[in-house]
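The next block holds one structure in the form of structure tokens; read it before the comments.
Chain naming follows the written order as A, B, C, D and E, and within any one chain the residues start at number 1.
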């Protein structure tokens, strides 16, 4: 704890605010990319029922990928091509994105699937066209599950983004890696605590956003249907 | 008018759900499709707004074949009430009802005002407007479903077991409300049910389908009762056909209504005895509304509510033979109480008189 | 015997679900609790096997207060049929039914054999034994629920809307089967329903409850029809009370059955005309079973199936006045066909004769 | 890929794989055994549920490296003791499964539970003979996720010198040598898929009564 | 292949024979030397269990202390720094002397080898030519333009960034925390993310990539003689004698050449055995 409250660690090049900033930057970029990939894919599979095997198989295979191994492999493959930090940032982002895709994908799929078939049928019966059914009925109705997928993805990314430090990048992982290298336990503990706090903060933030954007008509009933497909996050892998 | 011409639907797995259906639902009338589970009712209904495409045959909407139309536009002309309401869970009740007008380009403001009216029209309090579907009971959701289908004021309505999700008591109320509504709005409606009582109660005409998707009989409710086309229809229509068919015969002065001496609450035992004919005397209130029957011999002192037998059901004079007969049969004195529209006493009838009048009338049916 | 003595249940939130209930369900009889939704029927039922504990008052099982008993042991003495069957999804049908005997210590082997018998007894094919609940329709699941409750051969049965999950047609069948079964097994049963028709059809006695958990009336079905205690009961029992009460009056020789001249299919138009009385002649088959009515004047050549009107419903001579009257009213000739137990023609009756017989009989009720 | 190297190292790789399996599976089983009563508790008590699930969620955000390094101090184990890894992964597994078990019990239809009670099942009988068996599909769905993530997590133990497939990553990295890295990743994924498949089979075997296998 | 750590669960062996657990850090050179120790001991009939690639000192030292392992090769300077981060020792003698006092109770250092693998600041040949760099001191005028890469602990360590500033007056444009002369550092130097990097003197990559190792003319970096660290209880005469012979035979050149073979994915066991045979120790 001493480390956390030492004012020297709150300003300067490798200060805690800078590290948090870098950590968030990697995390949010990775999340955005993962969402851009997984949400449309999940919707497509959910609506058409095509490629359901992707959900069961691929999503689980992605979960099984060992982050450290993958990161090392990607660094060896990619970094020679870039004379800048990009050579390390890119592998980190890819690992984080691969990590975030399964929860968002499975939840989006489950969300779209869970939309009351009668409501979709009613919409079609009222003369909604396919896109309109998607935007007006299926998406809003699956939103709680999609957001809960994003939520667990973000948590997972935040805790795993620490591995960026393993390959010389910034972020809160620096405290873990440097602390370990310098044999400084208090620095490591500070890193772990900050990561947990950051995760907690974003968890609450997303819970708040969920409450704001999801229709109150849905919140009561989706809680239960979510449980079987509720993706669970993998702990940090550094 | 909605017309089926030789319509057949075979599902990809080979199930023939509808087989050569010919049917005409006249404009402004309520046509009911009834039949056992799996006989193709829902399939038939959904072929009309092309949620299911027929395998062969043609369906006409006001003499135009639907096959040539843009499916989405076709559907917007037809109100569709789905089996379990199928409300949008993420929208408030008022926005659910306003969906169609908004889709058709009306302003949200205006659509909501209209929706509010409709919500009250189907018998829900205006305070429900801001609620979400899960906050309503099954029956209430059904009503919203009906309101939603009515919102765009479509000329046609398709209703798939709209009252199935509720218990029998509420169901009766919903049916009554719906009949009243249809009398006002006079839409061309096809309704599906598997409840023959509902079909007979609501339908202007009833199409009985048999499993395999064939039409067994298409007739008015009273005709269905008095001349079922075959054993299947007779069985399906079920017992009490004779009695129920009386529900379609108006009283219309056919039965002589006898005078009945009455007393009021608080009358003395002596007065009661004097006015009684047989063992029973009729008790009315100040405005001659019948309260019940009393037995003078059991009265000590004056006639009180305690003495009243309530089993008799008064029949309204403009009602049906069924009500008249039941008034007589349910009355402990065996004299059925007849009242006017305001519930004031006109007189009494005996079951014998009612049955004689029934027997005098020609049987509705002539052989096919 | 199950007895409620001043039983009250107030839920923690203040809702008084049952209020000072006094009730006695006699041994070997079927007692029905009926009433509008939310009147406390389920609560009353579940207090008996202590799934809910009463706030005050005592419930006796064969004169022993249940409050002192071990709840689990008490429950094992009472068969409980839950509203939506509540089968164990992870057990086969036969194992579902065998649950109680196994719990009570019987060998799995023996329990299964017994269960198989019961499955057939409630009208399911033995081939269903190995299936899982999801492979059965709602109605079939209900039957398994009944079989499961019967498996330990308990002296008492509690049934909560056991036939609610099925459509009216199947429901009728289930009720009939159940009546037959109860006649055989004669258990002490309390059944909950909110369907008054079901209550009147099945119950030896019917307890009508009103919202707020008070008993409105406790009486036999026919008494309920002929002398409802108050407006609430009268309303709840509903229309057609007079007609339906006839269902409790046996025909028993009270009505004179007239001779009816008959023809067979294939008879000539001339013969038909000769035998006809009025416009209609009755057509029977070789063993004098009625087939339908024909109008000789419409027959050219010989009488065929085409000429038959099927609307008449024959009444069995040992049946009720209700069936007899309906036979007459449903017949196009207005003469109701009466048959013996084998379905062979005895003769015909007119509605007038039936009504006269009804009127001659004293009204069931005497004032309270 | 250098297959000649793979061939030379095959003994070693099989050995690493064996450890990997042990380190992934033992915590899975232990975690499940611990999560069952905890999940039951969360299911029983409205107030405990958010608490337990909240704590479980927080446990996840603790980076595993920190946990691996700090655990020996807490447990008093030797630093190279595989027990540390088992303990850490058990913690993660429990954190993941507590909620799953609670939700699984929650998913049992109320009617079913009531029926059991009404037939005179006592509390524990109902739990063991009805609620848990009926909750199996939900539990096994959660177990699949736990199994797969465990396989991926075990590789972190390489940082503590506990032999398992993760050792191939560090080895490959030091030598800038792709073969062990790729071999490690492939084996991890294959192992995860095999475990996943085993749990699916187990689930099918335990739930012959479900209409279909739960997807995902 | 590697040893059979499975047997670690059955050690220590009971009965007559001596037994010893040899560990190594998580980089190839450490594993190689550990292998040499192991093979040499085996040749003397001692029962050896190997636990290769345990990790960094945060793990290995506690492992030595709690008896998880009994023996491993260490580097004098680095070990001293780990045990006493404020040490001023630089020369071989000072390091050896200080170490003797700082070594945790229960552990013993045997005789250090000539062979040394110490930190060197390396630059690419082009960089050296461009700025005319031969010694570390030469960087001073251009330090502001260059990025330094080194292990994370250099940030705070005297023999890292701080020492480069106080001893050589170097202030680099930036310090990039990489790994301890491992693949990350080499990678960063070769791909240009850093211009000056901390590598190790026995790294064959120096030669393979035409890197220039700058001379530490002001003796900033500690000497790093290779020295066996052993659990005092296991330090029997036979063991001591055997390991001391190995240390005496091992030269820096041997290390460089053997490292070169390791980098070509040759089997560590083979390399170790060949070396022992060539020195008549196997």
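Simple rule for what comes next: a residue touches a chain if its C-beta (ideal position, glycine included) is under 8 Å from a C-beta of that chain, and two chains touch if they have at least 3 such contacts.
Chains and their UniProt names: A, D = Osmoprotectant transport system permease protein; B, C = ABC-type quaternary amine transporter.
Predicted model, so just to flag it, every value in this text is computed and none were measured.
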Graph distance between subunit A and subunit D, where chains that touch are linked: 1
Relative to subunit C, chain with the most remote C-alpha centre: E
Where subunit B and subunit E are represented by their mean Cα positions, the distance between them in whole Å: 94
Where subunit C and subunit D are represented by their mean Cα positions, the distance between them in whole Å: 55
Gap in Å, rounded to a whole number, between the CA centres of subunit C and subunit A: 60
Contacts with two or more other chains, residues of subunit A listed in rising order: 76, 180
Where subunit C touches two or more other chains, by residue: none
Of all residues in subunit E, the ones touching two or more other chains: 58, 183, 187
Chains grouped in pairs wherever the two touch, ordered by label: A-B, A-D, A-E, B-C, C-D, D-E
Subunit E - residues contacting subunit A, complex: 56-58, 82, 85, 149, 151-153, 155-157, 176-178, 180, 183-184, 187-188, 190-193
Contact footprint of subunit A on subunit D as seen in their complex: 57-58, 60-66, 69-70, 92, 96, 99-100, 103-104, 106-107, 137-138, 141-142, 144-146, 148-149, 151-153, 155-156, 158, 165-166, 168-169, 172-173, 176, 178, 181-182, 184-185, 188-189, 191-193, 196, 214-216
Touching residues (chain side subunit A, partner subunit D) in the complex: 52, 55-56, 59-61, 63-70, 72-73, 76, 106, 109-110, 155, 158-159, 162, 173, 176, 180, 185, 188-189, 191-192, 195-196, 199-200, 203, 224, 227-238
For the subunit D and subunit E complex, residues of the former touching the latter: 2, 5, 8-9, 11-12, 15, 69, 72, 78-81, 158-161, 163, 167, 170-171, 173-177, 179
Sites on subunit A touched by subunit E in the complex: 14, 75-76, 79-80, 82-85, 87-88, 165, 167-168, 174, 177-178, 180-183
